[in-house]
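Both complexes below contain subunit A, partnered by subunit B and then by subunit C.
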Partner chain A sequence: MQLLIQQILNGVAVGSAYGMFAMSFGLIFATMGILNVAHGAIATLGAIGALLVVESWGFPLIPALLVGIATAIIIGLVTDRLAFQPLRARSNPLGYLITSIGVWIVLISVAETLLDHQIKTFPPDFVSQPRIITSWVYLAPGQFWLIIVGGLSVVGLHLILSRTTIGVQIRAVGYSEVWSRISGVSSSTVVLSTVAISCGLAGVVGILSSIAFDNVAVQLGEGLLLKGFAAVVVGGFGDVRGAFAGGLIIGVTEVLGAQYISGDFRDVITFGLLILFLIFRPQGIFGEVKFGAIK
Partner chain B sequence: MKRIRLILCALLVGLVATPLSGGAQVSAETATPRAGARCDKAGDVNGAFWCEAKGATLIWTDNKLQKGTYKIGAELLLSGAAAFAGVPMGRGMEKAVAEINESGFLGKGAKLQLIQFDSAGSVPNAITAANKFIADGVSGIICCSLSSQAAAVIAITKPAGMPTVIAAAVLPNLASPPFIHRTVLLLGGKGGWQPQSAALMAKALRATSAIVVVTSDNQGMVADAATYVEGLAGAGVTSITQVKTAAADTDLSGAASQIIAANPPMVVIATLGGPGSRLVKALVDRGYKGQIVGNYGLSDTTNYAIAGNSLAGVVMPTPFFAEKATNKIGKQIVSWWKANNAGAYPSVYPLQGYTAVYYLATAIKNSGDGKPANVAKAMNKIGRFETGYGTVKFERGQMKFAQTALPNYVVWRAGGLKTVWDLKPTR
Partner chain C sequence: MNGFWNAYSANVEFALVAALFSLSAFLGLWSGVLSLAPIAFACGAAFTSARIDLDHPGLPLMAHLIIGMLVGAALAYVSSLILLRLDSHYLALATIATVLISRVIVLNLPQYTGATLGTPVTRIVSTWQLVLILSIVCLVFNSLRKSRFGYSLDAVREQPEVAASIGLNVLKIRRIAFVLSGVVGGLAGVLQSQLMQYITPDAFYVDLAFVSIAAAVLGGAYIWVGAVVGAFVYAALPEVLRPFLGNSKNIANGVILILIMVFMQRGLIDPVAIKRITRRLRNSIASPSQQRTE
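== the complex of A and B ==
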């Protein structure tokens, strides 16, 4: 029983990372119609930005986190302006996908150069508290913060999208860009806001994951992208709460699968789940709302 | 007696060399063995061919390599999860090539050109690299840090008759003369340093149970884990459980929790270095107090940056203990690396790249023309070879210590130092 609880907590921690990434990835897709495979690289570059200021100037956690988030937002905005904005007039989903692959390759190359092809980590005691140790469970500081920030971000993002003007505009543009424009919504403001929120959240996930798993590497974002995509499919594109729940389901399932079935099947379980959902419930657990792409 | 042997040697060298060298001064660079000269033993010492007859005669040969540029292809992991190994390996290769060209190792007017290809750890990329190198007309190929890549590359280069030197992959039985040779000292085979280190720790603890953690999607690690299990069983460990992880796993909290729940007196880690050090950290953070034995992937200094002082007390064997390098080549590699890396000691990876290039370059030199078929023939004649590890020999294309060597069992200490393991429990 103790082991089961511990493994569920481990799953919730890693699932929170998947869930947060799924929300950020899903937001771009739902609002702008871009299946942005470069989104994982943005998370990686956010983590690298934070690491660089820690290594170079000894920044503590919060300032480093802010630098990392700012890095991710700036990269997201720049790539959107340079790579995706010119495609909007044509509104070709395949064009977006191919462009995002190109952006991904460029960003990965930048990340590899910045990391000097090494796997790096934040200093071992960079985040040392709170460490929860009881006779029943152990939660590392990185895991603790993933769960807390994950919970806060799903609530915060849901409130932003449902209770604020910009949130309503983002959702309106997601439903119909034409009708929202007729209603006086500025699509460029919505694009900038969506990219900033989404990439900022990707930066948070990148930094917290790299702290929790002692891994600042180019592959960080790739893992998040694959699992985040699966989480969005499982949870559904229509609601950020669904995407987050999908992440939790995948995280817990893969950890329990590794414990009670075999570590060999960790990814098989995750992507098996993805395939099952695509076949039997393509709208995901929480249902899907039909979105259009912003032009 | 020694003097007489030297005189005899000199006389014989003179007799053999004079007719073929047109009366030129006999030296290692100009002498050629008489056609049909029979050697009891033959080999190369860093490129100089030697032949030993009747236990006392050395005949040095002229390689007669034609002028020109000889290309070698190197498939490397310059990006991706294992770039921490591939990048220093590539630097070791570049150093060897620079040395070879500066010193005129291949002979007058002959140069070596290294073509690197980043496979990023992907098998399809490794296959592309092999095909590209063959199309480029290289004299030989160096490849493969990953066993899965090695198997795929061999399937192409062997039928193509392309000499291939495996520089790092550890899956058993990869070497397959005449074309496939391996310049890796295997520590994981039956009776190797890796299973021995686990067995010694088990005996020191009188352990009856242990957990072996394995990267289950890496064939080399799976083979290593099997020998660890064998070594532990031989040391009286009756309960051995395997915990499987994947090469791409970054979250090792699940595996660590599983181990903590079982709380064995010792854990053996047969994984790649990065995941291994993350697992050690996850275990120590969760309060694991038992002994941890790792493979040589854990000896790399990059692991200390990941796990910090959590590594203290972890025992592992290493083929190259840079802090205690004793031979000339080993010391040179250490000095060069330290001078270019802020005083840090090198891991084994630059030496692996360096050794592989010298091995292939030696075969090219002795081939006379750099043609793959002749390079392969020359490669098969290499008997002994001086390396940073010490003097090695090749048996069926596999590099081994020429003489029984004392194992380098090392232990991580707090502060990032490694010391020799005294065969006692360390934690």
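== the complex of A and C ==
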């Protein structure tokens, strides 16, 4: 029983990371129709940005976090402006995918150069509080923050999208770019804010999970991308709450599967779920919310 | 020339196989399907061939190629039953998932694949055989292009609804193209494993899949020549750029891909543009005065 609770908590922590990433990845896809394979690299670069200022100038947690988020947002805006913006006039989803492969190659190479082809870690005890140790469970600080920030970000993002003007505009553009423009929505503002929110969140996930899993490496972003993508499919593209729940489901199933079935089959379970959902319920568990693309 | 060959023979050989990979990706695009799955079929074919080679050493190359193509076709057929039920984006995602799953399967069958340790492969293919195989495949593609099937592929790609309304069975045509991409993928997988002489689960993974599809689109996704040209350009670029860029050649690869998508969206070899240019040339030769008045 104790083991079960511990593993569920571990699963929730991992799942929060997947869920946050899924929200940021899904937001771009739902609003702009870009299936951005470079998004994982943006998370990695956010973590690298934070790591560099910690290593060089000994920044404490919060400023380092802000630097990492800013790095991710800037990279996201620059790639959007240079690579995706020129394609927006023509409607070609294939073009977006290929372009994002190009962006992915560039960002991965930059990340590898910055990391000097090594796997680095944040200094030990960079985040030391709060560590939760009881006779029942153990939760490392990284895990703790993943769960807390994950919960806050899903609530926050949902409130932004449902209650604020910009959120309504983002959803409107996702539904129909033409009709939202007719009603006076500026699609360039929407694109800018979507990219900023999404990449900022990716940066947060990158930093927190590299602290929780104790590595800063290119593989971190790749793992997030694959699992986040699975989470988006399981939870559905239309709603951030769905994407986050998808992440939790994937995280918990994965950890429990590794514990009770076989560690080797960890990924079989994840991607098996992915295929099952794609076939039987491609709109995700939480139903269909129509999404469209800026054309 | 000899010096060049000594320095670059390995690159040329890999480029020949890369052309096969991007041809297999092109087959999907030709039927209007963005599919990364041929890499998964290549993976299955390569590990099967490697296993058979360990159990029955000394089989001729032809036997391995046929095994590869059969395994590729069988895997493609089975997965087409599931994958082709999906549409556009979801289909592309599911084919990426197929590649991910293929790696998981390889990792979980250690008695057949050696899991993370991988499997050694004896190389029996020579360079001229690679050239021959690629030429034959190209000939097949070329005759497909002007065939009834080739035209139906064009129709299905451009306007599936219209194609269906003139009596083409879109699903069936896509399925045939999918299985053919499995055949070419299986062939490429076996040859790739021979060139690498040692295959691990990472040998056939998303990066190879991305590069194959990127090469096909870079060369021009509207004609098979594009896939071959794209693969060669993609293989040659890092070598050409090495003196200028050193280790950042990958960055150049990515940048060039983005530039091509932004400025030449139809790729390097575009049949429509070529037709337009040749028509203009022919016109200007035939009646220069008329050309001027236009």
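One rule holds in what follows: the second predicted complex is superposed on the first by the 295 of 295 C-alpha atoms of A that agree within 3 Å, B and C clash if a C-alpha of one lies under 4 Å from a C-alpha of the other, contacts with A are read in each partner's own complex, and residues count from 1 in each chain.
Simple rule for what comes next: contacts are C-beta pairs under 8 Å (C-beta built on N, C-alpha and C of every residue); 3 or more make two chains touch, one makes a residue touch a chain.
The shown structure was predicted, so the numbers you read here are calculated from the model rather than taken from an experiment.
After superposition onto subunit A, the partners subunit B and subunit C occupy overlapping space and clash. Residue contacts after overlaying the shared chain place A:267 against subunit B and subunit C alike.
By the touch criterion defined above, A:6 lies against subunit B but remains apart from subunit C after alignment on the C-alpha atoms of chain A.
By the document's definition of touching, neither partner reaches A:202: not subunit B, not subunit C. With both structures placed on the common chain, the touch criterion links A:90 to subunit C but leaves subunit B unconnected.
Looking at the shared chain after the overlay, A:32 reaches neither subunit B nor subunit C. By the touch criterion defined above, A:47 lies against neither subunit B nor subunit C after alignment on the C-alpha atoms of chain A.
The clash between subunit B and subunit C in the superposition falls on 148-156, which is one of the stretches 148-156, 166-174, 274-282 or 364-372. Residue overlap on subunit A between its contacts with subunit B in one complex and with subunit C in the other: 264, 267. Subunit C contributes residues 29, 34, 82, 85-86, 88-90, 92-94, 96-98, 100-101, 103-105, 107-108, 210, 213-214, 217, 221, 247-248, 250-251, 253-258, 261-262, 265 to its touches with subunit A in the complex. Per the touch definition, subunit B reaches subunit A in the complex via residues 78-81, 83-84, 86-87, 216-217, 243-246, 248-255, 257-258, 260-261, 274, 278, 281-282, 285-287, 302, 305-310. For subunit A in complex with subunit C, the residues that touch the partner chain are 35, 37, 82-83, 86-87, 90, 92-95, 97-99, 101-110, 113, 226, 229-230, 233, 264-265, 267-268, 271-272, 274-275, 278-279, 282. Of all residues in subunit A, only 2-3, 6-7, 10-11, 13-14, 112, 116-121, 123-125, 131, 133, 138, 140, 143, 209, 212-215, 217-220, 223, 255, 258-259, 262-264, 266-267 touch subunit B in the complex they form.
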